[in-house]
Amino acid sequence: MTNTNMARAQLEPGESAIIEFNDVNKWYGDFHVLKNINFSIKKGERIVVCGPSGSGKSTMTRCINRLEEHQKGSILVDGIEMNNNLKNIEAIRKDVGMVFQHFNLFPHLTILENLTLAPIWVRKMPKKEAEEMAMHYLERVKIANQALKYPGQLSGGQQQRVAIARGLCMQPRIMLFDEPTSALDPEMIKEVLDTMVQLAEEGMTMVCVTHEMGFAKTVADRVVFMDAGEIVEANEPHEFFDNPQHDRTQMFLSQILNH
Amino acid sequence: MTNTNMARAQLEPGESAIIEFNDVNKWYGDFHVLKNINFSIKKGERIVVCGPSGSGKSTMTRCINRLEEHQKGSILVDGIEMNNNLKNIEAIRKDVGMVFQHFNLFPHLTILENLTLAPIWVRKMPKKEAEEMAMHYLERVKIANQALKYPGQLSGGQQQRVAIARGLCMQPRIMLFDEPTSALDPEMIKEVLDTMVQLAEEGMTMVCVTHEMGFAKTVADRVVFMDAGEIVEANEPHEFFDNPQHDRTQMFLSQILNH
Amino acid sequence: MAIEFKPSPSLPPPSTAVGPVAWVRQNLFSSPLNVFLTLFSIYIIYLLVPPIIEWGIINATWEGASKAECTAGGACWAFINVYFEQFMYGLYPSEETWRINLAVILIVLLIGMFAIKAINKLFLSLTILLVYPVVAYFLFAGGVFGLEVVETSRWGGLFLTVLLGVVGIAASFPLGALLALGRRSNMPVAKSVSLVFIETIRAVPLITILFMASVMIPLFLPEGLNFNKLLRVLIGITLFSSAYMAEVIRGGLQAIPKGQYEAADAMGLTYWQSMVLVILPQALKLVIPGIVNSFISLFKDTTLVYIVGMFDFLGRIQAANHDTNWLGTTVEGYAFAALVYWIFCFGMSRYSMALERKLDTGHKRN
Amino acid sequence: GTLDDVKAKGFVQCGVSQGVPGFSNADDKGNWTGIDVDACRAVAAAIFGDAQKVKFTPLSAKERFTALQSGEIDILSRNTTWTYTRDVSLGLDFTATNFYDGQGFMVRKDLGVESAMDLDGATVCTEQGTTTELNMADFFRKHNMSYVPVVVQKADEAVSAYDSGRCDVYTTDKSGLAAHRTKLKNPSNNIILPETISKEPLGPVVRHGDNQWKDLVTWVMYVQVNAEEMGITSKNVAKIKADAKDPGIRRLLGAEGNMGQDLGLNADWAYNVIAEVGNYGEEFERNLGKDTALNLPRAINNLWNNGGIMYAPPVR
Amino acid sequence: MSNIKNTPSNKSFLNDAGNRSLIFQIVLLAVVVFVGYYLFSNLQANLENRGISTGFSFLNEPAGFPILIHLVSYTESSTYGRAFLVALINTFVISLLGIILATIIGVVMGLARLSKNWLVARLATVYIETMRNIPLLLQMFFWYFAVLAALPVPRNSYEFADFLLNKRGIYSPNPIAQDGFGLVIVGFIVSIALAIGLIVWAKKRQTRTGLWFPAYWSSLGIILAVTFLFFAAAGFPLEFDLPQKSRFNVTGGMVLPPEFVAVLVALSTYTGAFIAEIVRAGILSVNWGQTEAARSLGLRDSMTQRLIVLPQALRVIIPPLTSQYLNLAKNSSLGAAIAYPELVAVIMGTTLNQTGQAIETIGLCMLVYGSLSLSISLFMNWYNKKMSLIER
């Protein structure tokens, strides 16, 4: 399958991949949801994952910080192998921030508390320092003035930006986004995408499941297309959009671009 | 008020209206919801009622089969006057079928049972005959293969078509539709409108509250526009759409046609 | 040129639609059946209300030293009057009852302090949950700071009833939370232990559990190790209500969206950190009305301790009914008990409903 | 053993009734009086030299044995009848008898019943979990009479049920009848029928298997009976201890020898019992005698040499 | 291939999630087993030290005590096992009757609370709020002691026809079958068969012609009429033993003792109030649109309720109703407090007292309540499944 060559990062000599999937397989009961995923990302890369519903995009992303367990193959994040070892999992989760479709902010905590929770309890940071850092990231997502409100008092777009700031507060080396804009109104989508573009420009390693093709064209280093649990095609954006190899990809693109 | 002249059906000599509203007034508590409604429909006519939210469209329609009581004026359906007389109400409800926005199918009964319930219990039809008739109408709404399923197992559009078939099973002389498509997805709207158009072509007397202006243009004999509990304007569709008399009507049309 | 549309003025509704006459017609006499029902209801009210008022108020006797002085033919409230202190405090020495009152005032003040913004809520909660019980215990039992020792066998009356209810709920809370977590856990042993415990307790009547607590616990302990009956009954009540509490809390846990668990995991919180910091605070807020309802049932159920020989509020009233001076005041005693229980339970149930409404709108899910 | 536990905790835990005047009854301040209460106080006096070192646990009839078995109480002194089954298979040991009783019936005068033999068809109230329940059954069965049993959970409620007219007859030990009659709305309208249908030796009970404790409780009772026989009362005991020449009395009161040793008590334990609680006769008169509401005659509870059957083994 | 940076320092046995949960579970199991063993060994030692007999052999010994209410034959010389059976039946009977009555009260009060008649709705609310907020035990005491005190002595019984009401209970004539009563039973069976036939026929006819026949009412009529005919033909072979006032009591007739009535009334009025709220919530949970749809099809209000609203409301009603039934069954144990001879009274009361075997008697009671609860909830789960809606 020549067209999945691009699923592996093009590494300079001496450079090593920050995320590496080797022959990863996963089943839900009998259902084979990830099939032989081979895939790697190098530091600073920005990957967009797309594909039809149910194709396993979320599942693959969630394997990276072991919200899901895989059953075969190996996943290495920053050189650490994913297995049942709790220390490893902890170490990786510190390094990987995640932003969910439905934000999943903690409604009983203020914005500031949402952001400082993990730094204080996981990174054992002094409270003051954690708050300063939190305010820094809130400013970066342009929402510092809301710090003392509760999530329920913010709009969806604002909430998602808080969720991004919360991910950043762990000062992760990698950020995962699982359809971060699909629960939002069109005008809020823009707010959030702007924030993400800014992050991308700062050189953060990002894996982003999204169907915002504009975003993909602007910032992605590679676009990965999945279907039925497989990586069908992976390529640089202009190649991917202008010259899709696979008929499945062509069909998919024709649908979402016309929409 | 010249522009509501058209609210009364143009009767041939000797012909009589099948529905007649004479100076009908209705209050909810202190709230004057229908004001001096004068309005009639002749057999086989197809009326579309439109107007802004809260203008009293549903209330007026529901007065026709006395789901609501009016307090002043008189309503005659098929020559029978609406009053507290239970026999009259029963007689009228047998003659008037109704389709609701939210379908209101009976979830504990199969589709077939939904359709045969009234024929068996109200019309005292033999069960077998009722089922045959039900299958006939189910075929007409193109859904006969679902007869033994439960409403919860059907899509919204299918449910609404079942609701129409259920109304038809009483073999009513008049069908009322209260925004039958507004709870549906765009593709399902088409399914349902198709069914309604077909009914209209067969000559059924219909009163339909809807904002589907395409439907109105295609099948309506007259369009009635209501606001603030009054009939503001009533006219034939081409007149109504191309040459609205009232500024209120113009404003309303400009809004929904731009949409 | 378009015609201007001016809505016609709204007219006042006809008198048949609004006003007292219409109201009476619609609500009382709308159909022959309703006329009958209305007349029937009026008849029932006529049968019940005037005699009760006559007995309970008009012909009642409020003061007196024995039943013999109740000659008016109505209720003999003098009985309640004389025994009031015993009903409230049991046999607690009357010169020491200030200690109970003080404890009540203290807790009211402490809870009232939640309204003050400047106070650290966590600190206050910890005070109420950890410090106050100790203070209250020593106030009640005595034996320190020169307070006279008061045997638990002298504790009784409404004091004991409230004590059993409050301690039962408070103590069953942590246990119930553990059981709920256990029942939702994916570890088979933890799950089945919690499940068996919860379902066994819920299957049997409280009275058998009280009976076990009052007579059987000592059989299971080594000889010589034994503790106070009140404590044993409290253990029984706590175990009982913790099973119900577990189910209430489980309901709350189930209502928390899965995303919250995932978000906590993704941040690297451990199981216990995510439970304590993220899940439980949300779940508990959701289950407060459920807890209040459990408290109401428990409060009513504490009357059963009477069957195992403790003189709670109802028990004291029953006992006083046998005072030779006051024979024949059974109905007054029960009426008084019913009134007190009713006020407590009804008040709390209204409170829980109000709370439910408040939390319903206040807790937006996302 | 129990004695060590009692000494360690500093008081005797005594199971009593929930209110039988003359036997064990609390006033509205919670002070206990009665002959069963005095039995416990005497034990406390023997151990601690202080009759107040007792705590009381009121028990219903059906709870009492379990409470004793489980160790919740040290002595059960709750007008409990000594029977074969209870002694042999319930894990109980009966000590001495402090009241010889027998079961009787109480009826309302206006029924016109003179004898228990007229009770055919009557409705009978009694308390649950007592020998009374069984005796009643045996009595009616023996005389081939029918009856309707209403077995109520607590004595007080059984009396209420009788008083409210649920039953024609209330049955329990005769002393209990006398005691409960004082609690009726109109005591004089009720009579106690002459028949005694059972033997009811009542006395303190302890757990089976602790012989030292059983001996202690038994002999505290016997000492009181012996004291009455010897004419020693709480009033004159101090004087007698000082003056007595009789070596038997001197030994008894601890003026010489150390009779308490084997029981694990001080030499003056018997002295303390008599001084603090009194002899048996005093106890009886104080709680049940002529000057009380019960007004019971000594009858068979008199000393053996006064026409009764109170006969205590000698203290030697 | 990139270099795999293994981190051996983290590879410890304890850090493995699977191992951790395994260890935790082993520890938990050990604690449970140990505590169980500790309690059990204490128990054994205590029983031995105190000479308390163990085992269930007492069930075969004569009980010696009387029981007021027994639906199977029981005398003082019956065994404890028999007494247990009697108590068990008493518990079952009171629970079953209580459930039936409470359901009726609950449905009536729940509907009354929804009544359009303001006064009726208010009265029902007062009833519900009063009953729910007063402890059941207190209500039992009230129905027993306070009401008992207000009733007349047997001599002055209230009389209605051959029925008597006094402090000793409610008396009614006791029917005694004479020779030839077998014929009446035959007649009854025949009438039932006829009624079933009628119902089947009516259904068939409806399917054929669409005409309805009031089959249920007429079959009731048939049962009564046919049975009566046979009764007359056999020469009225039934005599009544009428209650007679005698010296103490009332003799003859059938009697419902006050203990039974008080427990039944208290249980059913108390639980009925809870059921009323459940019924109300269930009916309100059915969308108003369903009623409107039914009406617009021309169904009469009574049919709308029967065919549309109630079947859907039941779905919502049944789970909480189940727990109320369970509560009622458990609460019947409070009857012990007012001399109703149910399980707790007879087994944990008298039997425990005569035999001293706390473990066995309390164990028996818990077993019975456990299985009672289990069977009610199994039945309800089955019913619930049957009623639940089929969804996509």
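Order of writing sets the labels: A, B, C, D and E. Residues in every chain begin at 1.
By our rule, a contact is a pair of C-beta atoms (placed from the backbone, for glycine too) under 8 Å apart; a residue touches a chain by one contact, two chains touch by 3 or more.
If you're wondering where the values come from, they're calculated on a predicted model, not measured in any experiment.
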- Go through the assembly and pull out the chains touching chain A as well as chain E. C
- Query: What chain sits nearest the middle when you go by CA atom centres?
  - Reply: C
- Note on the structure: Of C-D and B-E, the pair joined by more C-beta contact pairs is B-E
- Farthest chain from chain D, comparing Cα centres? B
- chain D and chain E: spacing of chain centres that average the CA atoms, whole Å: 43
- Query: For chain A and chain B, what's the span in angstrom between their mean Cα positions?
  - Reply: 51
- Distance from the mean Cα position of chain C to that of chain A, given in whole angstrom: 49
- Mark out which residues of chain D touch at least two other chains, giving numbers and ranges. 66, 69-70, 153, 157, 160
- Message: Counting only residues that touch at least two other chains, what does the list for chain C look like?
- Response: 215-216, 218-219, 223, 307, 318, 328, 330
- Message: Once the touch criterion is applied, which pairs of chains come out as touching?
- Response: A-C, A-E, B-C, B-E, C-D, C-E, D-E
- Note which residues of chain C are touching chain D in the complex, please. 86, 91, 93, 151, 153-154, 214-219, 223-224, 226, 229, 307-309, 318-319, 321-324, 327-328, 330
- Considering the complex alone, what residue numbers of chain D touch chain C? 5, 18-19, 26, 28-30, 55-60, 63, 66-67, 69-72, 153, 156-157, 159-160, 163, 182-185
- Note on the structure: The chain D residues in contact with chain E across the complex are 61-62, 65-66, 69-70, 85-86, 89-92, 111, 119, 121-123, 128-130, 133-134, 136-138, 141, 147-153, 157, 160-161, 164-166, 168, 207-209
- Would you mind writing out the residues of chain E in touch with chain C in their complex? 21, 24-26, 28-29, 32, 39, 42-43, 45-47, 49, 115-120, 123, 129-130, 132-138, 141-142, 145-146, 149, 326, 330-331, 333-334, 336-337, 344, 348, 358-359, 362, 365-366, 369-370, 373-374
- Task: Name, in rising order, each residue of chain C that touches chain A in their complex.
- Result: 257, 259-260, 262-270, 273, 277-278, 281-282, 285, 363-366
